[in-house]
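So, here come the structures, one by one.
The two complexes that follow have subunit A in common; it is paired with subunit B in the first and with subunit C in the second.
== the complex of A and B ==
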């Protein structure tokens, strides 16, 4: 298959990517993106399958930092003793993604970069043509709000929620070398272009600097498995009593509230969350309910953190 | 019974299906086979102003293109409402309706060619809310020209006995509820698929994923203008139906037409989205229902007014309209009884029959209201139900004949197993128990199309190899009908199961069976199979008796031998076969089933008539999170009266499947729309409960031994779904004190009810 490329090193990957600039899609597991192919939401001619990048499959501890290779599967994370004993929040989040079978293939890097979703966007081509296309697709109007400027498609990465609450950093390789920066800076508050990775860069790993002294995690969904999130909250308190509360699934990017625990109150936490989450009617769970659940989750979370 | 009847028997087609060897329709590939794809309407209600297929026709790889005008003959499962055509003629009535079809040498060629069809629509006001369809509209806005009074009402079904409204006016104990049910769909695994072959002898063979080969046969003849004797319909292995494959479908007509037109085999297999578009599932329903009772808890009257949202075409809708009302006549004795159902045409995909046909939603309503009445009377809800059960061998107010009835056993069983008396009303806040009962037909006593034939015929053939072949038109759709045929023949002839094989669901070689719908197959085909195979036994006994000089009735057929009591005659099965066939060779015996004459003389008396009825009682235990509104079903105790479980393994499977499907409708499943277009036409957003959402199940089979069922058997495929939903609804009340009047009870609805209460 001329269009299907399976490189065995990161260098080779970047060179193939360079070759087909603007016309390729990465499969970092491919469990989600294959649906995009089928629904003709992704129409690039080339696929670069990253499943043979063994150098990116690793779980290591280095000077108190946990390091995850981007191609580590969610299943590997869940079954890792290091993570289960020291970073239970990460395995809890990974366990809440999709189903056991999908987690055998889906990777942490793929989940961090999962496409933003909207009920008017994640549909077949025929469906979209029938109702009218949207901003995120090829149209000029948002089917949810009727506006023509902003797309509110939701970031639905559960592992991002946990990793942001753990102050994680990401490492990516660019033609000019390796760069490390906070995971929060990866995401853009935009439903269409939801992260700032350009096509010449590749996410290679994640570094988790802190261990949480206390943590809380919960995902809202109709079924106990498979469903993407309607609201995910992950929270930690570190040894310096800094609280980090991250909400996802209710805005275009993960929303982090970070504050010293002693100065934070539940009221201000809820207020900040509600203000920073741009939640609209773009999920099958009603907007009003998801907003209510932000309060309910934060209240429960607060009881654990405090 | 010494043979396999009543013993857990794995399905004879099970291993092949599990190993991936079973041939489903889409597995068939023939030389020169063409692939069919469709242009579907992007409008909900519109005139087709122009339709240009010229560039699609000339697209490379395309062999034929067809539009509505090519096959304009209307059809439908019910002869009283054949309101559908294979493709839209002049106007479209729902988003997704087929407008044109392309047969290509490859799927890709056909798909690309479809994009080259040019169609212009002129929009007409679309009716997506059934309430709007009940109002008068302009003639040009009418969805179908045949509806009356300028309204879009397809059918009004109404029956009334002994003025229930008068009783309800003055009753001391009365409850009224307004209920709303979202539409749900069958969600079977195998998508619709059809392969049509135009044979050298100018006959047509249609292989299709259908529950009703016979009705497909008849409708193909009507639409294609081809005599019945030139059409063969075959149903191969089939991956689930639940009522969703019980209509003759447009794609079946078009595939057959294209095969005739091109003289090449043509195959059509739906995408999952097309399966959702085709739908024919449970009607979205709104109903107000009132029930009254006296001081002692005896039900005195029931009256209900129901609106069902039928979508653009008729399907089984007339039957659905009646079933919404008439199947409330059991399991409780209600002498003052009335209902009205109005089925609205709307500009959405059509609804039709789905497991528990028509009776699931009203069952929810009545069982919830009975719970409310028990509360008012300060009476245990099980006791209230116990006071009202119809007796065995009685008649309902609408003259349904009740024969066997194990409902009291069902109730007692689940009550005891769940420790109801100690736990109901006494569990901590957030945890609760709920009871509900069920009642369903064991086969419709009347055929869909009136005729003078039996409802089913089975042939049993014996040949020199000692093999019995059962020929039946019955459609195995996963419910176990093939295995039942084998079990019955083996039982009657005293032979091992592996002596018996089946030839089924082929309208050329198998005698007519009306189809796998209305839970009729075990009862009707089972009886016919029993007669056919016992006739083989009689013939064999006659021949052996003559040769061995013994009275035929002294011969015992058991353990694959034929013996007299004293073993003075002791033949192997093969020796017996040789004697029976001497001088005549292979022979075929026949059995048939005709329902006895039943029912009243009033108009509508035929709806819901059945030679027998199944009963059930289920108790659900739920937990409700009062902060989030999430409902979790922890356990269900199920007791179903299926008369006699011919195959307890199959009966358990049916009950488990019903519980799973019932939980889906109760908690998570829902057809969502925006302007008539479905928002969740895929298995990701249409949320069927997963294995982890499925609770512990404790299943009890209650055997009331029906006098007319084969070995006493009644249905078990649909009845068990009815009690599932209301038992959950009632358990939610016991847990947190709210009455859920709207399904599915998603967490948002539960939470808003909880807030309303506080």
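== the complex of A and C ==
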């Protein structure tokens, strides 16, 4: 089909992508990006459907590492015994995404690269036209902050929160070869372009090196199901007693606080979190409440980690 | 965007239909093939009304591109049972009063059937979680959960 491409290998995907120089959208599960297309937020002419890339659908354990193919569905992750017994945090995070039916289609790679969200951006075209475009759309000012020149759309990936707290690395394929780097380096502190994957590269997998000795995960949202996060906190302590606490949904990229547990105090943890989170009034939950909940969650998390 | 002739296998029959690459499965089924049993409600993956089985896996018709389903087996609510012989999930939804306006019901049935296949021993809590993506504004959910629970018991026997 001329506008809808279904490649069967990663190399074929990259060559199709190369032909259309940025005028395409990747569909992994497509459960989120489909809505962007309906709302005319994504208007690329070509769709590259990755659903037949079976080589990227795998859960394997090599030595001490867990490897997840980027096209592994969230449901596969939840029902995997290896993950449930060794990496329950990942399974818990995947379980908190969307609904059971959506999780059968949605993929881990898609969730990691989910678009940043804002209540002034994720709306129908008519809604956006009536209020005037924002920076992330086609406008020139931020509607949330009333004229600011930078975008504060929130990163809402729940699995990213857990995987950052587990110090995961991502593997992506570029025309010059495969590159592996820490997941934290993928995200940019910008609401408009939230990750630095360019049009010539494709995320192929995630490698998780550490097993957490203790972990904690909580997601704040309006309903117990379906909703995108208003605040997600994932925390781990490894065998060297290093704490990694990751907050998401409150800033343009996941916020990681990493420190030895013995030198970290609750006060300094809250202070660092509040300092690094760029929270603005861009969610259905009020800003004051979300800020307060950062303290509440970090206190609860602190009690578990200690 | 140019339309393309596409072959789809729906409820055991082959259908040849002209579809747009941007088209979703629920649109093709309802507007082009007249399978109006599948309901289109929120059209953004929120309500679960358009749940369809593709290769036995429940998917949301409003989020699934039609062309992705080429070569796969599609089952809609029309393919679940005949008029005389209802599936246990349908039977108990009727018996337990699990529907009023009936708009969410095709979605509930199409979610509950693969759910019970996968979790034959599901308890009430698990059923609630499994159906958490299906919105119903009439019944208050209790009777739907009752129906699925009873259907589960019957299917196990």
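What we mean here is this: the second predicted complex is superposed on the first by the 304 of 306 C-alpha atoms of A that agree within 3 Å, B and C clash if a C-alpha of one lies under 4 Å from a C-alpha of the other, contacts with A are read in each partner's own complex, and residues count from 1 in each chain.
By definition in this document, a contact is a pair of C-beta atoms (placed from the backbone, for glycine too) under 8 Å apart; a residue touches a chain by one contact, two chains touch by 3 or more.
What you see is a predicted model, and the numbers here were worked out from it, not measured in a lab.
By the touch criterion defined above, A:242 reaches neither subunit B nor subunit C.
When both complexes are overlaid on chain A, the residue A:261 reaches neither subunit B nor subunit C.
When the two structures are aligned on the shared chain, A:119 is found in touch with subunit B, with no touch to subunit C.
Looking at the shared chain after the overlay, A:127 reaches subunit B, while subunit C stays out of its contact range.
Judged by the touch definition given at the top, the superposed model places A:6 against subunit C, while subunit B stays out of reach. Of the two partner chains, subunit C is the only one that A:105 touches; subunit B does not reach it.
By the touch criterion defined above, A:226 lies against subunit B and subunit C together after alignment on the C-alpha atoms of chain A. Contacts of A:288 after superposition: subunit B is touched, whereas subunit C is not reached. When the two structures are aligned on the shared chain, A:270 is found in touch with neither subunit B nor subunit C.
Taken together, the two complexes place residues 35, 99, 224-226 of subunit A in contact with subunit B and also with subunit C.
Subunit A meets subunit B in the complex at residues 35, 99, 119, 123-124, 126-127, 129-131, 220, 222-227, 284-286, 288-289, 292-293, 296, 300. Subunit A meets subunit C in the complex at residues 1-4, 6, 27, 30-31, 34-35, 37-38, 45, 47, 49, 51, 98-102, 104-105, 224-226. Against subunit A, in their complex, subunit C makes its touches with residues 1-2, 4, 21-22, 24, 43-46, 48, 51, 57-60, 62-65, 67-68, 111, 115, 129-130, 132-133.
Of all the residues in subunit B, the ones that touch subunit A in their complex are 40, 42, 95-96, 271, 273, 627-629, 668, 672, 674-675, 677, 679-681, 684-685, 687, 689-690, 692-693, 746-748, 751.
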